[in-house]
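Here the chain labels run A, B, C, D and E in written order, and each chain numbers its own residues starting at 1.
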């Protein structure tokens, strides 16, 4: 009896906390169907009009494709750099390893706004502000630590003896990498790419400092749109992006589990 | 199989940063077709030797020769060794057939010949029909056989086993022992088998090499090792027993302080000190040549045998008695244990 | 275990190989992380925005401004205060969820985990707007309170410190949940069972076993939330109605409104120092927990 | 070099401004000079434009920049703009003295007045004076972004209202702001000072006239604009020829056109930005929508921008510390 | 220790969603002070029974009584049970002394008395001086002793062990067995010991309860279980041996097809079929009452004993011979094995 009550109370608590956690998203979801030109609750009447507007909004659509392209490229390059770094860190012993490990961890800890000012100062003289290369570089810096982490996790999960078995049975080091290690860390590679993609796709802070009209990404476009108007269009766009992200997250969870990824 | 044998000559391995060598001047040689068990407690250097032979780690000093030729300069993937790892280390992303064919593929063997040889290897380890399975769909025993097949199919110069049985349960372990021995017999491949399980070593290998702290303590046939251990370490590592130290008072007779006269077979000059070992099984209940009586201090029933500890004089003698004897001693009983002089093992002369 | 430490034996090519592996990643980190930080520090010693870009004319002026102006001390204090509050509440509210997710055997666990981190994937700007709609003068809560007759006037829930805190707590909760989930490694139902068998009731099992064992995860989560909270600027600006002055908002203002880049850089360096000290404290605490 | 051939790269404000500028200024210019191509690059804000110009100083890609006056003055300190040659830009002669900044490095071309916006559903009697901001009926119902140019312009207006002179001291203005502050709901209206009136989140908002007029016309009249009788001050946009421009001749032609009475009159009529050119005469309805009543039109004033630019940061700091943080 | 004993009556556990019960009508009772081993293959329900006794999971049906009183309604933390988990489950954030004192603290025992009783408990398990250590600073064996002390200090009604030795290596396991048995003897606490290791069960417990698929197969002393297994399952789970089925032709004589006449002790009416078991140790080399000759098919040397498989008629007999015999048979030899009628185990009547 007592235990049942306790369990019920706990379930209630969890429900309330989830409600709190999801409150703004729920509100955004509901508002996305409103027909008024500003965000207010509850909606007066419901329609899919805002969704139609999002798909007709040339700026959003072109920024979406730009963000998609940048994200994919960042993801790809980031896992490449991440894989090499991970291999070095998990398969080799060398001096300065600690320093490199710290260097990889550090971007987690430095606030993006601080990094943003620095990135702006570095990219400026190079003429890379408001350019694809600039965003790409900036995003590469903040995503690589994540890919190193996910790939290192995968590498650590690979039994070294499996690689040794391959070597003993006649595989050269390159063959071991190609035939054994890479296939085995594939989930980590995919997860790393996905996370890098998501971060790049969602990144606003640094982008706001270095991006302007030419290379605006979807998040900066949203930010600027929100500077002048808040209407259900932005809610609808958010809902669309949440759906995309959740889809991607589900894929990651399937592949390696979220906890290891983030 | 190729015609060769292995010689290890004063092999030393000191890991970078380590204070003392993990393998310390070990020399041994294997006639072709032999199965040698490398036996010793955890950390004594067994795996290290195996890995040096395979080429997975460089040697610090000494030489490894195969058919008389030094192989230290040959990289791992060209040494042509078969190795069965503790957890098998099968490639989890390949089918059983792909696993077995991997070594052949690396050697550039064409697809048709590869398929044929893989099928033959599957047959050899009684896994015909399992080729298309995923590794995870095999039982522990089947995985082991697949790992052996993967090593055998490349017709290795040597087959190395690193405690392949240590994570199987008792029943399966027994079956696997027979299986490995059987396959080794049929293929005649020269093999080294690492284990820390004396029972495994005794029952499987042609010869045993007992190691301790990086050094080779003794090498010999199972019976030599068990019945004629050259050191206390070997004697106590392989099977239990009661150690007795005495002064030889006449040929074949020693005076063990606190116990009495011990008759033994062996050449130790009178006046010298000697160290003896009596295996628990060698004691029998009742009078005999070497008869010692005392009080039973401890009794453990183990089904087939009863292990008792008897306080005789200053000594505690351990004896294994068959449980089908009419009456079995109980704790507190006064009993007489005796052992034939032939069953007294001379371990060495004591200092 | 020992095997894992065996490193590559192919001696000669080893070094070149290593270099090849390290180079691309290090180059990326260098240009996109290390260099920006160095440039930032450099800019903080510049006399003007142009000098910050071009170099030359070094001065301690920005630091003097930051250190001698009591306003910035106030801002630093506000920042710490906000960070601590947000960390405490975010961790307190995330803890039950994380505990639940770590222990449940429910089939829904995957979905619930995804739900708990889904907000992470929604722009924090958009979520901030969500909170404005909820907490606004004519928002969900005020409307509900008024229609239920609990209040007749408007309760000011946003455009102030309270609103900024609430939104930040919610926005940072997913991070706290994730950090705790991965920090709960030592939690194991066997410990709880053992404690129960030794006579501990539910409450004691929680206070004596679950809580202490989950402390490392809680600490990590608190650090993460704190760090993210004190560097935030969008949410405090929007939810605070301009009344919440923290280092993040000041950096943003100096960098984009008054164009005083050296000052923005100096403030960033101040933030970094704040960070460094908190991380040091955290490491101490973790070490203390471990021994 | 043929001045009537080539490309002029213009960088300027984004959004509706950009749309209108393209339509009414650039297209008209191109009709006049078919040989000249004009590109318009949108910039997020003047600060970003300044950053761009600073970074490109060695090798400018931009020829003409439209930029806030206060930022323009900063740019001129770094000599990012070149002094216009009155011979090449004859329309300079028609600009008032205050508009020719830093020896014709920057020239004002339009002004956007600060106004009080109100929600027409909720406010039946529109405010008529800046003093209405302290009316208790608006308590908690005002949005006022003060920590930028809006605050910097409001300070002199309120100082003058209290009988002071901003060049002596803005203390009276600060005191006035302190009286307004308790009525302010948000100092950071989100998304902006227009939308919060439109949505009814606040009743009043201190905001720019031009965009408010545009929103009034296009969004169903929810936003009403009150131009206080005490007059306003325009937030001044300047045009400048970039130092080292590679298309100087064509750019000069463009600047000249931008400063012309024709261009400024059109832009005023279409986007309700106050013209600067002294030759422009507005029709009464247009003048009323830019400056308000006749009384307000008469009270309209301008600032010594060099003086203000110097005080810009300090004033914002004072507002932040004495008005907002203390509230 | 309290004066009581445990009765389990028709206990059933069906896990939610499971198709069949994991524990199926198990009844047994423990006199106070006894140590019972719950033995059986993996998944047979041993842990499930233990957890029901401890109160960690509810019973589906049946009753558990302590001193005659049903305890099903008593929550875990009031049952006063000691339990030693497989991985010990020592609280990692407490010192050894804090771990041991935890149960006392929960019972509201004052600090002074607690300290004293913790010290006594540390002494009992030979960990004096280790109280202030962190759990992680103890070896596996020491951790186990600390876990036992933690359970004992609360003077539990019952002490439950769930395979506490299964993750220790062979050597330590042997020592720990003695230690646990010793502590149990000294404290006299009624104990249930779960294991799937027959050697462990035989050597430690007063009585064995052998389980299979949720059901209790047989309960009895080690000797009863080993020498008088009631089912094939028990006979083969506990120790090896050769099974023989025959028709009883006269009292104490059965005709085993393909082997011959087998003399045995036991009451089976003539004409009935019976199933017999001969343990490998019970065979001796040479003529006797039941003598069967055949060819040695397989020989495994194991130090103290030689295990041979002899093909006799249609049967393959397994025998363990002591290695100190003068001559030992080799593969291919013709030998005669005999077994005394007393050493023939009657497993049951066959269908």
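To be clear about the criterion, a residue touches a chain if its C-beta (ideal position, glycine included) is under 8 Å from a C-beta of that chain, and two chains touch if they have at least 3 such contacts.
Treat the numbers as computed from the prediction; the structure is a model and nothing was measured.
Q: Give me the chains shared as neighbours by subunit D and subunit E.
A: Under the touch definition, subunit D and subunit E have C as mutual neighbours.
Q: Considering only mean CA positions as chain centres, point out the chain farthest from subunit B.
A: If we average the C-alpha coordinates per chain, D ends up farthest from subunit B.
Q: Counting only C-beta pairs in contact, which chains form the busiest pair?
A: Summing C-beta contacts for every pairing gives the maximum at A-C.
Q: Considering subunit B as a copy of subunit E, what rotation angle in degrees (nearest 5) results from a C-alpha superposition of the former onto the latter?
A: 180
Q: Using mean C-alpha positions as chain centres, tell me how far subunit A is from subunit C in Å, no decimals.
A: Centre separation, subunit A to subunit C: 16 Å.
Q: Using mean CA coordinates as chain centres, what's the gap between subunit C and subunit E in Å?
A: 55
Q: Between subunit A and subunit D, what distance separates the C-alpha centroids? Give it in angstrom.
A: 39
Q: Pull out every residue in subunit D that's touching 2 or more other chains.
A: Where subunit D meets two or more other chains at a single residue, that happens at 48, 51, 54-55, 190, 200.
Q: Spell out, as numbers or ranges, the residues of subunit A touching 2 or more other chains.
A: 3, 39-40, 120, 124-125, 161, 164, 173, 226, 230
Q: Residues of subunit C that contact two or more other chains, please.
A: As it turns out, subunit C has residues touching two or more other chains at 3, 6, 10, 53, 128-129, 132, 138.
Q: Please give the residue numbers of subunit B that touch subunit E in the complex, ascending.
A: That would be residues 42, 170, 197-199, 202-203, 222-223, 226-227, 238-239, 279-282, 300-305, 320, 322-324, 340, 342-343 of subunit B.
Q: For the complex, which residues does subunit D have touching subunit A?
A: Interface residues on subunit D, with respect to subunit A: 14-15, 41-44, 48, 51-52, 54-56, 190-192, 194-195, 198-200, 219.
Q: Would you tell me which residues of subunit A are touching subunit C in their complex?
A: 3, 6, 10, 13-14, 17-18, 20-25, 27-28, 31, 39-42, 77, 80-82, 84-85, 87-88, 91-94, 100, 103-104, 106-107, 109-115, 117-122, 124-125, 137-138, 140-142, 144-145, 148, 160-161, 164, 173, 198, 202, 204-205, 209, 219, 222-223, 226, 230, 234-235, 238, 241-242, 245-246, 249-250, 253, 258-260, 262
Q: Flag every residue of subunit A that touches subunit D in the complex, lowest number first.
A: Touching subunit D from subunit A are residues 37-40, 120, 124-125, 127, 129-130, 212-214, 224, 226-230.
Q: Inside the complex, what are the residues of subunit C that reach subunit E?
A: Spelled out, the residues of subunit C in touch with subunit E are 186, 188, 190-191, 193-201, 204, 208-209, 212-213, 215, 289, 291.
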